[in-house]
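The letters A, B, C, D, E and F name the chains in turn, as written, and every chain counts its residues from 1.
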C-alpha cells in the first residue's frame, strides 16, 4: 500500500507545474537518437501524451536523419551534406519528402494515437503552413533546399482547438507549389515564434549548453548573446538558443533526448536536466 | 537522476486513467475523519485538485459533523441524533446552516484555491439547486430536516463549464424559501444522479463493503442488491450503494478517507483500494 | 377599469428608464436598517427582482451588522469597534464569516429566489474573487481585518452571463488562504470599479448628502471633491462618494434604505430621492 | 412622495407576469380602430415597446383597412368586398401592396423606433416568409387573393434573436413570385402557429366573445368548439378562436383595441379585460 | 460534348475572381434603365444571385424613378425636380415612400427569391438604419427631402450573417420619426462607407467616366480628384467617384446597366467594361 | 463584347446547381489516368477548386497506382496483384505508405493550394480516421492489406468546418497501430457513408455503366441491384454502385476521368456525362 501512496505523492508533486503550463503551447523538435532507439522513442511519445493529457498543447516538429539516407541508398542515390545541410535537389527531393511526410510523420502519429493521444500528421505544404524560398539560389545541388519566408498558423490552431496534437514534417512550399526541404530546427523555431509558444524544446544528443565543461542549467537571453559572441555557444546550438533572444518564444530548452523521459524531467522538476534559456 | 526517472514513470502510468476519465463528472461526498485531520484534509484537497488538473470534473458535497455539534454547544444548545439524523429544527437550523454554508464550505473552497484549484462554494439554496420538503412532517423536533424533491443542475453546469470546482453545502430550500438540513450522502447521490455522473465517491471511515470480514473490491448492481437483501450490506451503506442500482450514476465507490490519497489510489490504480460498485 | 389603465400608464412611464439601463450593471450595497426591518427587507428584494426582470444586471454586496454582534454575544465574545471597523481577529473571525457567508448571504439568496429572481450567494473567497491583505498589520486585535488588493471578476461575469443575480459576502482571502473581514462599502465599491458598473448604489440610513441641511439631489465629481475638502462631506460618506471620483463607476447613489422602494424611486423617476454623484 | 411609492408598488405588481412571460413569443394582430385613432395608436405602440423591454418577444402583424380604400379611391378604382375579403386582382394589387408594405408597415416601424423600441418591417415576401396560393382560382376578381401554403420562420427568428421587433405586412408570394393579398388574421394565426407562440392576440373593435350578452373572460378549447357548433361564436371570430384549438398556439386573446392599454391590462392583470382562450 | 467542355472552362476562368472576392461586401446601386427593361432587370437579378452564390455579399440599394412619377400622376400630383432632386414634401412623401418601400423594393426581393437567391427588403427606417435631417430646411417644397446624418449597420450585418441579401429603399428617418426621401446614390455610398465595402457599384445609363470621348477603364483616387478639379468628371458623377476618395470604400465602379450582365463582366473579367476607381 | 456576355450567361446557367449543392459534401475518389496525365490532372484540381469556391464541400480520396509500382521497382521489389488487390506485406508496406501519404497526397495538396484552393493532406492514420483489420488473415503475402472496421469522421469535419479541402490517403491503422493498405474505392465509399455525403464520385477510366453497349445515364438503386444480379454490372463496378444501395450516400457517380472537366460537366449540366445512381 505504501508503494501506491508514494505514487500518489509523485502525481501530486506535478500539480503546480500542471497549473502553470495548462493551455500553453510547447513546440518540440523531435529528432536524433531519441527517434532511432525504440525505447527512447516510446518514452518521448509517452511524455508528449502526458503533456497533452494535463492540458498542455504540444506541437511536434520532426526531422528525418538516417532513414532518408537509407532510402536514398536503396534507390542508388548518394547522400551529400554541406555545412550540416542535406543537399536536396530535383533528383532526390521526392524520396526526402516521402520518407519525412509519408513514413516518419505517420509513424509518430500512429505511436501517439496508440498511447491514448490524438495526433494528426501534416507537412509544411498542408494548409499553406510553411511558405519558403531557395536557401541558396546559386547552388544547383541545393535547388530543393528552402529557408522559411512565412508561417500561416491557422491549420495548427484549428487542430489544437479541436484537441489534436499536430505532428509536422519539415517540408515547405515555394511560390510555384514545389516542395522544399527545410532544416527541422528552423521549422520548429519559426513555428514556435509564430505561435508565441511558451516553450520551444530541442531534443538533441547532448545534455545542453556547456561552459568550461559544466552544464549551464539556466541562462537568460542577454547572457546567451554574450556566450555566442565569446564562442562558448557555437555551431547548430546558436540558432536554437537564438529563438529565445529574437522571437516571441518565452523559453528555449536544450535537452538530451537519449535520457529517459527527458521532457517530463525538464518540465515537471524544479532543477530540470538540460539547459533552459529564459527571456530575462 | 534515476529517482527522477522513476517519478516520470509513475506519471506515465496514470496516462490511461486520465485518458479514460477526461471530461467526466466525479461527485465526491467529503466528510468524516478525512475532514477533521489536517493532513488527511490536505491530501483530499490535493487529490481533488489533481483530478481537476487532468481534465476530470469534480463536484464536492461536504458534510458537517463535529463542528456543528461544537457550535451548538457554544451557544448552549443540545445536539440530538435519531437514526443517524441530526434533529434540526427552528431553534438550531441557523447554526447548522451557518457552520455548513459559511465556515466548512468556505474553508474547503479556500483550501482548493490555495492548492492551485479554482473552487466556488454554494449551498443547495443557491440557484434553486436543491428543492426539498420535510423529512417527517409529524415530528416537530425535525421541522427543519429535509428530503430532496428535485435537483436543478443549471448552476453546477454553469460553474463546471466555466472551469470551477463546485463545493456544495447540504442545505436545501422548501417551497416557502426556508432552509432545510439534508443528509449529505443523499445530496451527493441525488446530484450525481441528476448530473449522470461517471463516479459517485463516498469518503467514509471504513475501507469499503465487507462480506465475511473480507473487503469486496468490486461488485455489480445485481450482486449488491442480493447482499442488501441478505443483510450483508446494511445501515448507512445501503443508500450509498443504491445510487449505482437505481440511478444514472455509472459507478459508486466506497473509500476509506483516512487512507492517504485514497481517491487517487482508487482512480489511478488497477486494483483500487475500496469497494467499487458497477452497473453490470 | 380606469384604475387599471392608470396602472398601465405607470408601467409605460418606466419605459425610457428601462431602455436606458438595459444590460447595465448596478452594484448595490445592502445593509443597515433596510436589512433588519422585514417589510423594508421585502421591498429591497422586490426592487432587485424588478431591476433584473427588465434586463438590468444587479450585483448585491451585503453587510452584517447586528446579527454578527448577536452571535458573538451568544458565544460569549465581546464586540469592539474602532473607527467604525469591527475588530476581527483569530478568535472571532469564524463567527463573523459564518454569519455573513452562511446565514445573511443565504437568506438574501432565498428571499430573491422566492420572489421570482434567481440568485447565487458567494463570498469573496469563491473563485478567488477578493484578494486582500491586512488592514493594519501592526494591530493584533485586527489580525483578520483586510483591505482589498485586487478583484477577480470572472466568477461574477460567469454568473451574470448565466442569468443569476450574484449576492456577495464581504470576506476576502489573504495570500495564505485565510479569511479576512472587509468593510462592505469597500467591497461594493471595488467590485463596481472592477466591473465598470453603470451605478453603485449605497443603501444607508440617511437620505443622502446634505449641505446646510438641504439634501443635494445631484452633484458632479468635481463638486464632490470640493465638498470633501470643505468638510461638508465627511466620515463614512467620503469613501462612498469617492468611487465616482477616482474609479470606473459612472454614478454613485446614496439612498435612504428605510424609504419604501427607494431603489425604484431613484432609478425610475426623473427627480430621484437621494443623492446622485455623476462623473461630470 | 407617497405617490411615487404607489408607482413603485405598481411596477412590483407586474413582476410575476414578467417572470412568467420572459422570452415567450406574443404574436399581435394589429388592425381596426386601434390603428386609426392617433391616441389609441400611440397606446398600442407603447404597450408593444413595454412588452419588448421586459423580455417578451412581440411579433406584429398588421392589416390595412381604410387606407387602402382611400388610395384606391384616389387612383379612381372601386373597392369591393365579398364575405369580408377585399377583392384583390391584377388591377389593384400594386396599390394594396404599396399601402400595406410601404406605408402602414413603415409607419408602425417608425412609431416603435421613436418610442425606444427597435422594429424592422417586412412583408410575407421577404425571406420567403409566407408562401401562398390562390384563395379561389375560379374567381378572376380575386386573382390576387391568397391563402397560406407554408410559413418559413427563419427570418423572424433571425430578427428576434438580434433583438428586433418584426412588423409584418400580410402579403405572400405565389410559386411564380407574384404578390398575393392575404387576410391579416390568417397571417397572424399561421405565423403564431409556426413559431409555437405563447400568445396570439387579436386587437379588434369588440370587447371579446359574448354569450347571452355576457363577456366570456376565459374559455378552454373544448368549450370554444362547442360554442362554435352552437353558433354562439360565429363569423370572423371563428378562425381567430380556432388557432387555440387546432394549432401550436398556447393562448388566443380577443381584445378591444379601442380600450386604452388593452394589451397591458390583459397581460399584466389577474382578471384581464377581453376573452382568453386556453388550450385545456 | 466540346460545347460543354468550353462551358466548364469558362466556369474555371472565374475561379481567381471568386477566390479574391469571397466574403467581401459589394454595395450595388440599382436604378435607371436597368430597372425598367424586363430583360435587363432579369440580368441584373441573375448577376446578383450569382455573386451571392459564390460567397460574395451583395447589398442592394435601389432608386425609384419613373414609377414614382407615374403614381403621383395617377393621384393628380405634379412632379417637380430641382438640380436632379425630386421635390418631396408633406403632400407627396407618402406616395414616394409607398412606391419605393412597398412596390419597387418588394418586387426586387421577389425577383431575387424567384432566382434562387434569398433577399429581404427593408428601408432606411427599419432598425434605425438611416438617420437623416432636412436637406434644405429653408425650402418648403423640400420639407421631406433628407440628407444622411448617420448609418446604423447592425440590421444589415444581422441579415448578411444569416445569409440574406439586403435590398434597401432610400428612405430615412428624422429625429421625430418622419420619413425623408434621400438620393439613392448617397444612400448606397454612405452604406458602403459604413460597411467598409470592398466595392461600390453604380449601375447607370452611361458606360463610365470619359476623358476626351475615351472611356477611362481604371483610375486612382488622386487622378480622379484631378479630373474633378479639371471639370472632366462633373455633375452626378462627382459624388459617385468621391466615395473612393474620402471614404472606407476600396473601389467604386461606374457601369452601364443597359449592357447585359454588366456586373459579372466588370467583376469576372480582367479588363472590365466600365470605369473602376481605385484607392491608390 | 458579345463573347464576354456569352461567358456571363454560362456562369448564370450554373446558378441552380450551385443553389442545389451549397454546403453539401461530395466525396471524390481520384485515381487512374486522371491522376497520371498532367493536363487531366490540372483539370481535376481546377474542378475541385471550383466546387469548393461555390460552397460545395469536396473530400478527396486518392489512389496510388503506377507510382507505387515504380518505387517498388527502384528498390528492387516485385509488384504482385491478386484479384485487383496489391499484395502488400511487411516487406513493402513502408514504400506503399510513403508513396501514398508522402508524395501523391502532398502533390495533390500543393496543386490545389496553387489553384486558390486550401487543402490539407491526411491519411487514414491521422486522427484515428480509418480503423481497419486484416483483409485476409490467412494470407501472409497480404499481411498488410486491410479492410475497414470503422470511420471516425471528427477530423474531416474539423477540417471542413475550418474551410479546408481534406485530401485523404487510403492507409488505415490496425488495433496495434500498424499501417494497412486499403482499396481506395472502399475508403472513399465508407467515408462518404460515414459523412452521409450528397455525392460519391468515382473518377475512372471508363465512361460509366453500360448495358448492351449503351451508356446508362441514370439508374436507381433497385435497377442497379437487378443489373448486378443479371451480371450486367460486374467486377470493380459492383462495390462502387453498391454505395448508393446500402449506405447513407445519396448519389453515386461513375465518371470518365479522362474527359476534360468531367466533374463539372456531370454536376453542372442537365444530362451529365457518366452514370448516376440515385437512391429511388
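Everything below uses one rule, namely that a residue touches a chain if its C-beta (ideal position, glycine included) is under 8 Å from a C-beta of that chain, and two chains touch if they have at least 3 such contacts.
In UniProt terms the chains read A, B, C, D, E, F = Acetylglutamate kinase.
Since the model is a prediction, treat every value here as computed from it, not as a measurement.
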| item | value |
| --- | --- |
| Touching both chain B (Acetylglutamate kinase) and chain E (Acetylglutamate kinase) (chains) | none |
| Interface composition of copies chain A (Acetylglutamate kinase) and chain F (Acetylglutamate kinase): same or different, split at half | same |
| Farthest chain (mean CA position) relative to chain A (Acetylglutamate kinase) | D |
| Farthest chain relative to chain E (Acetylglutamate kinase) (centres taken as mean CA coordinates) | B |
| Distance from the mean Cα position of chain F (Acetylglutamate kinase) to that of chain C (Acetylglutamate kinase), given in whole angstrom | 67 |
| Whole-Å gap separating chain B (Acetylglutamate kinase) and chain F (Acetylglutamate kinase), where each centre is the average of the chain's CA atoms | 54 |
| Inter-chain centre distance, chain E (Acetylglutamate kinase) versus chain F (Acetylglutamate kinase) - centres from mean C-alpha coordinates, in Å | 44 |
| Where chain E (Acetylglutamate kinase) touches two or more other chains at once, by residue number | none |
| Chain-level touch network, classified as line, ring, star, complete or other | ring |
| Order of the ring members, counted from chain E (Acetylglutamate kinase) so that chain F (Acetylglutamate kinase) is second | E, F, A, B, C, D |
| Residue ranges of chain D (Acetylglutamate kinase) in contact with chain E (Acetylglutamate kinase) within the complex | 71, 74-76, 94, 97-103, 105-106, 109-111, 113-114, 118-123, 125-128, 154-155, 158-159, 162, 164, 171, 173, 176-179 |
| Contact footprint of chain C (Acetylglutamate kinase) on chain D (Acetylglutamate kinase) as seen in their complex | 1, 4-5, 7-16, 18-19, 22, 46-47, 49-50, 53-55, 115-116, 259-261, 264-265, 268-269, 273 |
